[in-house]
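Heads up: the structure comes next, in structure tokens.
Labels run A, B and C following the written order; every chain starts at residue 1.
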């Protein structure tokens, strides 16, 4: 599913926009594996959505609905799924314009690696193992026994705790903390302020106080996982909290201890998953969804925004659920509609009661 | 709208309370542009709400309702909208006591600037441009090509990324990150842990995995914006995410990529706005409100606590909406009340059915 | 209440698991004050839940329901409330297995203190008062006039602001900020990225803009409080925001200015409490609960997941409430069930109306 978002203005102002130097439609076609439909020499300098594209911008037409908008766009050329959508203007035909857009942007702006080496002002313990090509900025910390894999980048203030390990080609943003013993796979991106391995929220009442249950487990983040800014993932009480490969976690998401998340799932902003719950493969939690503890969410299930799953709740594979308490999405919509008819229904009920009373008297 | 909150105790214990040295009612009147009603020499040493004020404290009476509480207060003098509210005790008459309170507190405790200069242990790239009067604390980082405007303050651990720019008279709290290419206006306050410019949450399924759509846009924060602790604002995919001047964003708020927020809006704690949604001027999002993607919230609209706006949802200017799915606030309250009558209604319905059945038999 | 969570796999992989060296059932019994029921020499090397325990692991049986699972467990021995639950296998009888588990894990892995002293690369102001046994890591900051109590530990990037004070035996994780003038008691744990003392969200509209009300109060955190990763607690406008002793706050929780929370309360992940609200003793806020401003929550009250309390709302002591608007939990469940009957009820109503109409014609 595409989560690309298009701006309404000022694309040209984007410092990091793929606008350095100019490029040709041929270069685009070659990079994205597309076919040029309307051949015409165009000199492109940028990439922008239909609404804000200028006469030197490449744009894209996601589907037929957008073809109308394209007709009004000043863009010089388009990525299209069907040549006809471009109305005879220069275009590159590809199976998926959003995918082609992603590929082209990657081509135009490969991620910045940072200068390899340990900067002065970085704090790297002598027992830490730092692979080749690693960039560690001033103010970053790598604690005793920790490992950082080849070509990974630690921005200022990033922290890798005792015996923790970071894979290859990872990026840890400013202030990211991967705490003691936690393991992060290859090609993971942890955005600013993300925390991996904070203690699980585990206590037992001893008659006088909430006594802390030492959280002695860890966290395992598999390959190709992205974790959003200020998101938090707790370590397990025992064993491990696990996030499956390719899963993407948005900003301010909370993952409790011993949670296990399958591969290629999507957790949107401010969603939360409480202790020991399990998410399958390809699950989608929309924004602000709450999954209580010991719940189980089946493969491919979709929980819509703000949905709430109760303790030990079960969501079947492929289901789409909404609301709190969560219902199948259609049922949720139906009940919302029915609630709007309740007032009138109560009046009709009262009218019937009067009619009935009259009839009895009459009879 | 006043969001000032009053403590119930211990105002005197506030280290940073405006309690250094003593002051007179004349000084207060002059500073806030008020008129002294009941003239009497009073020696004031502090400021406190009615409940906790002592005999040397200045307090305030927001409205008539609070006049009763004032009669029981030990305060020495009051800021009042109407002299009669003070019951003959010393007071300064002003149009708005909360506003006068704000002005007086500003007068008594101008914000701390910090010592100008770059502290040892700060990491400032040689290509960064630092204006006069800037204070950069040990452990703060300013990356290549970044700019910091006059008199701005970077606390320990603050990070300003490549080519980012910070305006004049700003404060970046500990651990704040303003990432590559993002622009912050003048007089902005970013509280501890706030992140500006993390990647938008944009992927496209390529048949095998969620492929990252490079987020090559930026964030533009206009003048006089305040951003709460650990709040997160994502950069645009292309173009920019924008927060209008004078808008105030509370702690742990999430702003998605390409969101555009108008001027003087208020986003309360833990509210979230998903990608490409647009908020007008003077919008209020109460705590934990969720606005899904591509939604549009009109000028001056108010979304009450935990309200949820669906994908592509529209809230008209000036509307007050509640609940999920969101409804006009009155309709929301009415439905909640009607739901409480449903059980009895079902019983009445059953009774009618029986009566009807009997009648037919009878007939 | 026990919030301990059990993993489903790989307990043996936990670096910090209590698995260093082997131990005997006698040692366990002595440490937790239990009685060995089925005497047999067992050599234990680890601790794991029933599902993942191996033949050298100690496990626990929380209650009779779990006794069946225990029969299938490979564990070598069990902590049990009743000897019969162990089915004749080696066990230690204790009043509360979760509590005994906590005690044993503490015994096996006392919290790491860190090396006492101020590391090179730490920034400690000359006027700060650092007690004996304190460990301050490189990249941590202690500002002018601040105090840090005996044996407390500041991890990399931790920040203690001007005149703030940290008690004894505290741990401040990476990137924690305790801002100017705030006070933290003894034995408190602040997890990575937690912020104490950010400005309260207080403004007053001056006709042109939201004017900031200077937040000159502080925060007081009492003894034995734990604050989760990236949680935020605002300072008071005047006076103080207060968190009572023994209260546990989970990740990403937001506490507004002038909030007062009683002792031994539990605030789960992503809960939020707005300005000036008061929570009693032993209150439980489940995940994503929202308490609006000036509300009051009685002692021992429980708010279930995503519950919402309105402005100035009152929840009586001991109540269990759910939903938004919040209702007594039973009423909430009843209404959810009744809503499912509404569609059929509307059909019955229509049928009755027809019957009535027919009868009248007929009559």
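The criterion applied here is as follows: a residue touches a chain if its C-beta (ideal position, glycine included) is under 8 Å from a C-beta of that chain, and two chains touch if they have at least 3 such contacts.
Values in this document were obtained by computation on a predicted structure and should not be read as measured data.
Copies chain A and chain B of the same chain sequence form an interface built mainly from non-equivalent positions, shared numbers / all numbers used being under half. The angle of the rotation carrying chain B onto chain C, fitted on C-alpha atoms and rounded to the nearest 5, is 120°. Rounded to a whole number, the gap between the C-alpha centres of chain A and chain B is 26 angstrom.
In chain C, the residues touching two or more other chains are 121, 139, 157, 175, 193, 230, 252, 270, 288, 306, 339, 342, 345, 349, 352, 356, 359. Listed in rising order, the residues of chain C touching chain A in the complex are 1-11, 13-18, 47-49, 52, 96, 98-99, 101-103, 105-106, 109, 111-112, 119, 121, 137-139, 155-157, 173-175, 189, 191-193, 224, 226, 228-230, 246, 248, 250-252, 264, 266, 268-270, 286-288, 305-306, 323, 336, 339-340, 342-343, 345-346, 349, 352-353, 356, 359-360, 363. Across the complex, chain B meets chain A through its residues 121, 123, 139, 141, 157, 159, 161-163, 175, 177, 179-181, 193, 195, 198-206, 209-214, 216-218, 220, 230, 232, 234-242, 252, 254, 256-258, 260, 270, 272, 274-276, 278, 288, 290, 292-293, 306, 308, 310, 324-325, 334-335, 338-339, 341-342, 345, 348-349, 352, 355-356, 359, 362.
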